[in-house]
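I have a structure here, written as structure tokens, and I will follow up with some questions on it.
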């Protein structure tokens, strides 16, 4: 690729924004050209406007970019949004109206009728919804971080055996709460058994993601019953979830493992830069996966599963782990953008 | 009470043994007279044989007791056992045969036909099993720490509405793994999604505890279906559990709360020293109970419940918290001993 | 005491304010009558205005108190201030001018010429400064939490052997940073080697505390050279400090231990309710004191010392631990108030 | 390099051994050929003999190596030793006598008269000592993990301004205690103010490292006075140390920073594979370096320094951070081996 596509990042000083910057370093297709944040940060060099908390040192060419306000006067036509939900709705709409493609990690537009809620391995065909959007540009959204890992693990099983019931209990990482986020006094030597709005997201988003593309909208999958319970634990990165599942056709344990091992989606076929080689990694050891040991598998873009066993109340139970700020947020959003690019949606802006 | 009953503690240098010593300070009925541990510790003063890790300073009168081996030649006729399961079976049997009453926290005798598996508020009548024991003395056991909190919360609901299904996912504290127990490198910034044998205990022990006293044995309650998933989290003390439940007769939310609030058992009627005033405390705030905030309620002897809400897959879901080394181990064992004493079972030895 | 003295607490919803409330439960001399906080909280019941994070459950008689603004129209003439330093200066002055006795934990008035900076065991005579104050009431302050533990340990050594140099490195608890305070993402698996303003406080406050009462002011002790380095570690409560010290007259190790063991101050002589029996506890084991194990000694009001050994660069090195929110904040402030009461300073308001 | 040098790793199942394996993946000069461990592990495939706790997944070609006992019958002539000090002394001697070059991370031979105690940037010339060794092969050792970071930071200052006094207080990571190492119950919500033998190592090793090469021995530098205090904190990786230093000739702050920025050693001149580009990185922000943010700089091979300021008791104080299991253990050992190779010491075995 001779010319990389210039991208702007909205909410660039927040934790998702920082992760976008960290992950986009040396991206083969995209280059960071503009950074947007609140009025308070606008006009400052990025390095002076942000409290950098990523492990990789901030790349110098980004450090010196002067932060802009989040108004649709950017040169970059591709926009990654890590905006807080309190402001994302209007700003993202404004950019889309003005001709920008907004790939968002915020929840605001997830349930808009004509906005796809994308996991590229799961519902790549939903991208077509963009054609129904009234915007000069477009909006594509990412599901919630706790939904993504679970659905990556369940999609191949749903395809093969049809899921009827999902019961999930999460142990979610602190980085999911943003920065400064969860106070240390609240979580050291503790668990917080509540995350506002999280259970509702996990009980509703899968219906859209696993729904069918209809005429300018998604026909929700309302056949699956879902119950979610969400907890915050003292883990930096990596959401671990216990999942119980009941199928239309109960498979054997071996059939489930085979479905996971063979699972490939459109990103793998297209060999997208951020696509994991294997979206799901199965571990047979009885104490894996663990957040600290497996969250970085495939650069944090794959889900890890393990402890598969028959269940007295459902058909099977297992655990799934995924990196909440990579696969579950910034990395997933970048993969969405790559899919858009590979499928020609960005031709008009690139 | 003029004369306190002398007690011996087996496994006195371990974490459960230390907790027995900490909790028995100033007990109105029992006084520590003898301490038993392995050959390696025997002959030493207790303070030199142990690595004291309790928060309360070791009482001086115990510090100087010379540790004995675990052979049935104790003056004390009442024995608290915090022995490791690798040695508990034979030693406890030997003491019981020799005329001692062994109140055990170990798992070895829990499923002996004639040994009661006791939660005093739940199945005080099971104590009668002792009369069927072949021992000159007797053996009484405590359930697993993760079972106790859950059953305390479920017992009043079972009595009122009859439970058919229980689904539980635990987030268990480190002190449940003994000392030295879980390595710090394994759990800081991590969750371990596996505790050996724990799920099996949670799926079987309730059947005996909620069973009926038959002729020299317990008739297990096999009508209840149970599924358990157990995880270790970075919490010092306090097991937090998400519970889903289905009833024979679905109650209202208010009826459940009322059942919890009014729950009393034999220990409350008898006003036993270690009995909590209320075995179950209900919290209406949406982020409570939490291990750090509620584990010490009623000196760690009560269970806390919260987040009660209807469930799409079962009737209700809620969370329960209990202190695993107090109510779930040493404290529960002491309450068992108090019940024995109050009901006359210790008359022959006191 | 027939009638308890009514007290008002300023900054009642903050972490120091909550600790005041927790500690004042059942106090023999003082009773909580009024609670002050910001305009935002005023008019609400305390339980609705606060996010209670203390381990002990909020006492019901306090829960229902309606919060007031921090203006000097209180019925209670004794005021405990846990105000943030951004607002404390003026409010405390206003209350003092209006006839209230303000016992403050804030740093604002610590270096006022006529305001005593009190550790009751160390400089009880400094209270006389109050007579020089221009206020109708008065102001008394508490040193910084990291200063108090160190000075408790050093005072008996200074009296006996005269200190020339102090070198201190701290590992300070999270509760010292207030609530919400330190973000969990900043401190789990980490140390923060900087606490704004802390090193300056530790290098200057001892000069006033160990100074002499002059004519309406304290003559600072500027003969002692002090260097401080302050770090934040992942501990909930309890500041641990490594201290190196050089004396005018180098004592033996035994003489130092004896000085600690025999140390008593005015609060011990007066048998004040919050006075520890022994202000300093010496531990001979080579790995004690530790925050988790010793912070609660004497209800958190005593300092613990250990690891005393000769030093190649100074005379001796040792470690000291004290509970930063009890002895180092709310508890220390209450002890100040008790000293005021016992020495008659509150007669005119009680 | 056509043929890589085959290496054997002793103590391969321990935490240092695992780190050797993780770091040697794709090493340009060395390839893992043999793995040695205790009798209990010998004969098993490595993957079955070890509890792999590294973040990077175990490379498959190593997973299937059959573990050997630690007897000197290896094909590989270059041996990395991560043996426990309880067995290292004799085994390392046996290998050296039998013609192997042993690059050791254990402490046993560190003070042997003819064994160099190496930090390649600091005392590369000490390697000549090998010529005086009686072994057919040779032994080279690594200093203690807490010494290495400190000396990396101090070496350029010593060269330029001559150090007279060093005062250091450490906050050391858990991985320095091996695996299973520090129990979680001991360190969560706690600091352990004692690490057996650590202070003695920090007070003695610098004398040899900064000593001069004499005739078949090192002439220790006994002019520098050193005091060390060592603490264990709840950090996974990365030792943070507060350092105070007094010089023969007091430099300016700018001169110190310049000395750090310009510091290069033999490994940088030789461009060794594991050599950091800059051995010391200076940070001007007042809260850096921090373990979580800077430990991985230059793949964990560089030390980070910051908070440089004048000190009331010494000339300057600052903090230094280094990765204890990379630069401070396995990585440092590999760099030692690279230096040996580059300087021809391995010619006879390669």
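As written, the chain order gives the labels A, B, C and D, with residue 1 at the start of each chain.
Just so we're on the same page, contacts are C-beta pairs under 8 Å (C-beta built on N, C-alpha and C of every residue); 3 or more make two chains touch, one makes a residue touch a chain.
Nothing here was measured: the structure is a model prediction, and the numbers come from that model.
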Checklist entry - B-C versus C-D: which has more C-beta pairs touching? => result C-D
Next on the checklist: As a quick test, compute the distance in whole Å between the mean CA positions of subunit A and subunit C.
Outcome noted: 47
Item to check | Centre distance in Å when subunit B and subunit C are each reduced to the mean of their C-alpha atoms | outcome: 40
Checklist outcome for this item: Per the C-alpha centroid definition, the whole-Å distance linking subunit C and subunit D comes out as 43
Item to check | Residues of subunit B whose C-beta touches two or more other chains | outcome: 53, 188-189, 234, 236, 292-293
Checklist entry - Touch graph of the chains shown: is it line, ring, star, complete or other? => result complete
Checklist entry - Can you list the residues on subunit C that touch subunit D in the complex? => result 165, 167, 169, 171, 188-194, 203, 225-227, 229, 231, 233-236, 240, 242, 244, 286-293, 306-307, 311-314, 317, 319
Checklist outcome for this item: The residues of subunit C that touch subunit A in their complex are 15, 53, 174-175, 179-189, 234, 236
Next on the checklist: Quick check on the complex: what are the subunit C residues that touch subunit B?
Outcome noted: 53, 55, 57, 188-189, 292-293, 296-297
